[in-house]
Amino acid sequence: MKKIYRQGEVSVTALDGVDLSIVKGDFMALAGPSGSGKTTLLNMIGGLDSPDGGSILLNGQALEKMKPSQLADMRLHQVGFVFQSYNLIPVLSAVENVEFVMLLQGMPLQERRRKALAILDDVGLAGKYGRRPAELSGGQQQRVAVARAIVGAPAIVLADEPTANLDSASGKDLLKLMQEMNESKKVTFIFSTHDKMVMEYARRLTLIRDGRIVEDRRK
Amino acid sequence: MILKLAWRNIWRNRRRTAVILTAIVIGLWAMVFLSALMRGIADRMVKNAISTMTGHIKIYHAGYRNDPVIENRIENPGEIKNILQSLPAVRQFTSRIRVNAVAANARHSGGVTLVGIHPGREAGISFTGDAVTEGEYLKDEESQGILVGRALLEKYETRIGHKLVLMSRDASGEIASRAFRIRGIYDAELESTERQFVFVNLAAAQEMLGVNGDVTEFSLLIDDYEEAAAVAASVGRRFDGDDLAVYSWKELLPLVVAVLKMYDGFILFWFAAVFIAIAFGLVNTILMAVFERIREFGLMRALGMKPSFVVAEVSAESFFLLFIGTVAGNLLGAASVAALSQRGIDLSAFAKGIEFAGMSRIIFPVLELGDILTADAAVLVLGMAVGLYPAIRAARFSPVEAMVHM
Amino acid sequence: MNFIMAWRNIWRHPRRSILTIAAIVFATMLLVFMLSWQFGAYDTMIDATVKIHTGHIQIQAQGYQDQRDMRKVVPDPNEIERILTSLRGVKSYTFRAEDFSLVSSENRTYGVLVIGIDPQKEPSVSTLEDMIRRGRFLEAGDRRSALAGEILADNLNSPVGGDLVLLGQGRDGSIAATVLTIKGIFNTGQDEFDRTMIHIPLEYFQELYNMRGAVHMAVVLCDSLTAVPAVKERIAGALSGIDSSLAVLDWKELNPGLVQAIQMDLVSGFIFYLILIIVVAFSIMNTFLMAVFERTREFGVMMSMGMGPGRLMGLLLMESLGITLIGVVIGTIAGAAVTWYFQIHGMVIPGAEEVARQFGLPERMFPQLSFLSIAVGAGIVLILTVLSALYPAFKVKGLKPVEALSAV
């Protein structure tokens, strides 16, 4: 798959002939220096961006052929995202942020609330349900983000440098949490990073450089 | 420096600036254009009233105004004529006889105002000069001819060349009547005018009413109708002691004056409303622009800039917005007025309503400098005043506060 | 939850939202008040015109309205009376006859409109009796009595009790001449009435002008303006069988100038309001725009969660609509309150008294709060404000998730 960005006169090939297969249950780190194309690749998989060439198949469906509304639907049910920062909707509390996805999916109030509270407990935020993002630490915010990402039972969770804004202790906690979720709930995780410590946690490591995959190994 | 900064800051967010500018431009355009329209209506009303034989200044016998009958006539017109000719302020004048009369033909009879005129001099002073659309205007030597309005012609179901009998009380108190022939038809702005006034030669009227060369009024035109009151006063002084009264058109047409005042008030009200509408948006927009730049302002303060600098800079931003908007709005307003100056706005669809309200059928907008200046001053000055609030807020961002904010 | 989110988003920037709401409140208040004012004025004008002279409906000979020919008569008023008393919706009625004649006092002569009125029925149809300033109204049994307008009486130098010589032409062309005594002097406030009319008893008019029992018009009053069209149809229907040379005219046809003047005022009013609200719409558009642009990243996150562009737009519109509704509701209530206050106490516009009088309006004017004025006022503001909010909302529709996420 190819992706070319144009910035003024300069065209940058973000991804040049990437060929990748992801297996259900993978806990994969997509590693590379900044500018290597990992964010772009993640955006492609999640249907946030579309390729200039090639195709992306998620559970058998070709993403590059979908309309924006179809992609939105796909993201709603199949994909969860965790970003580096600014993950949460500021006017909603922790539990409301988590509920939001289920609301979009059409789940009734009682069920939503039950599941949201449960998953917040799972990520270790029991008792902080009503806090707004501004009232939570960076690490806590990311936890809520993870909770929200997986509560909708997606096929795959994409995390773009999730620990980059956290101190090392919180970062480790977050990774452990993601690992736990991957194992207990069988959710596929792909996280991008350039941090060696983060790479340690992965069971599959894919190295990307200058838009190309240079290494792909399982531990 | 402040100006350079302010100017660049405005264009940081093009869309936002464009939106508020649109509000200001439309607002100002509306102020200028609509007030010009209203002035146009008022102006027309005044000119129409004046040309319907009021003139700028009138001289009557002292008792005539309350009791417009032939007894209250001016018995020494020749003297007055001489004096008027010697006055430089008086551009043109004429004399008339004007009495209530009854006009009758085989079909119809009704009340009219009989006006005996000098056809030649009258043409230059009142609307009669250009108004005759069918038949002929009166000739100076005419004795049997009469001019009637089209609406009157229709009401009396008659035609050019037919007879019309006029009756009125003459100087000795008897009813005098005389037959005239319709020589011409005139069209006036208002149908009520057409139904009211009939014109004959002054000599014929004098003969019919048994007055030897006397008249009931003099009508004067001066150069600037706004000056009428002053000139009327000075003319009046010349006739001190005689049994005469000199009036300016304002005294003779209190209704028109009242309407003018009403328009004045309404225009002010309109300006106020538009300004308030703009003000809300202006304050909000500048506030948003300011709050976006909290860190920046904090930084400036940390670098040692005085609060007054910040106030000045933000005020300058308000100023640029207001200034551009005002200039553009004025230009648009002037352009719209110019566009309509040829054909005006045609209100014939509301013909009867216009008649009722005493307006004219075609409106030409009239730009009045006073209005424009008021609008511009209000928007600029009050706008800047209102813009002080966000400016002062901006100056209050301390460096610490600012750094924490984002 | 969408409501909760929209509400909280509105109050994220309290000052901004309050300013925006204030603008909408201002606009709505102004419109509600001005429209109530206009409608109130129209009602008063129509009422005055109808009650002073024309009534709601008139029955006349065909063509009489355009050509006031003495000979175009309503020949059998008794017949008309029979019809009118049998019809539903006719509140009161009377008959009149008119002609132009000369009246002279000792040393003045004027041409006036002489109107024959029925002293007993006329007060039920017009307010003439209330306008008597000196002397008294006409009574049954009066013969050579007259009511004169105040300006006319002054011009004639005639007081109550003074004599007037009347000279006119009868229906058959014969001379109508008599001496009348002024019994009462009226003042309607409108120069045209006060200067050019006298009223005499109808029976005497008919005798004097050789009417042979005919009149020139039947004047009918209905219960309300809204009832008029139906009543008019009934009268026309009842007449068509009997006498098709008669015409039935409603107050609009009797006063085309008034109706059009009102229309003109309405139209011009609307133009002003529209322009003002457009200015307001642009003035507050920035609020809606900022709400979009400041949160681009947030939208990106929401889209990443699976929120479709349509839903996103819906959320935004809900916010804008929220602000708008708050403003319109408060504005309507406040506007209605202010209008209500002046509806009770009335308002005098300085400088406009003279003009008002001439058009039959009292000096103290009362705005008239009505469902229409509120609905139209609030409606215009609502529609234009929502339109103004649509532009930013549509911008969101075309937003690409990736772009949104990379925004700051």
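Labels for the chains are A, B and C, by order of writing; each one numbers its residues from 1.
Quick note on the criterion: contacts are C-beta pairs under 8 Å (C-beta built on N, C-alpha and C of every residue); 3 or more make two chains touch, one makes a residue touch a chain.
Owing to the predicted nature of the structure, the values given are computational and were not obtained by experimental measurement.
Trainee: What chain is the most remote from chain A, judged by the mean position of CA atoms in each chain?
Mentor: Centroid comparison gives B as the farthest chain from chain A.
Trainee: Nearest chain to the global Cα centroid?
Mentor: Checking distances from each chain centre to the full centroid gives C.
Trainee: So how far apart, in whole Å, are chain B and chain C when each is placed at the average of its C-alpha atoms?
Mentor: That gives a centre separation of 26 Å.
Trainee: Where the centres are mean C-alpha positions, what is the separation of chain A from chain B, in Å?
Mentor: Chain centroid spacing, chain A to chain B, equals 72 Å.
Trainee: Need the CA-centroid distance for the pair chain A / chain C, whole Å please.
Mentor: Measuring from centre to centre gives 67 Å for this pair.
Trainee: Quick check: what residues of chain B touch more than one other chain, meaning two or more?
Mentor: none
Trainee: Touching chain C in the complex: which residues of chain B?
Mentor: 15-16, 19-20, 22-23, 26-27, 30, 34, 67, 69, 71, 100-102, 107-112, 155, 157, 167-169, 173, 175, 254-255, 258-259, 261-262, 264-265, 270, 273-274, 276-278, 280-285, 287-288, 347, 350-357
Trainee: Where on chain A does chain C make contact in their complex?
Mentor: 43, 46, 48-49, 68-69, 72-77, 79, 81, 83, 86-92, 96, 99-101, 103-105, 148, 152
Trainee: State the interface residues of chain C toward chain B in the complex, per the touch definition above.
Mentor: 15-16, 19-20, 22-23, 26-27, 30, 67, 69, 100, 102, 107-112, 155, 169, 196, 256-264, 272, 275-276, 278-280, 282-287, 289-290, 293, 349-355, 358
Trainee: Please name which positions on chain C make contact with chain A in the complex.
Mentor: 1, 4-5, 8-9, 12, 297-298, 301-311, 400-402, 405
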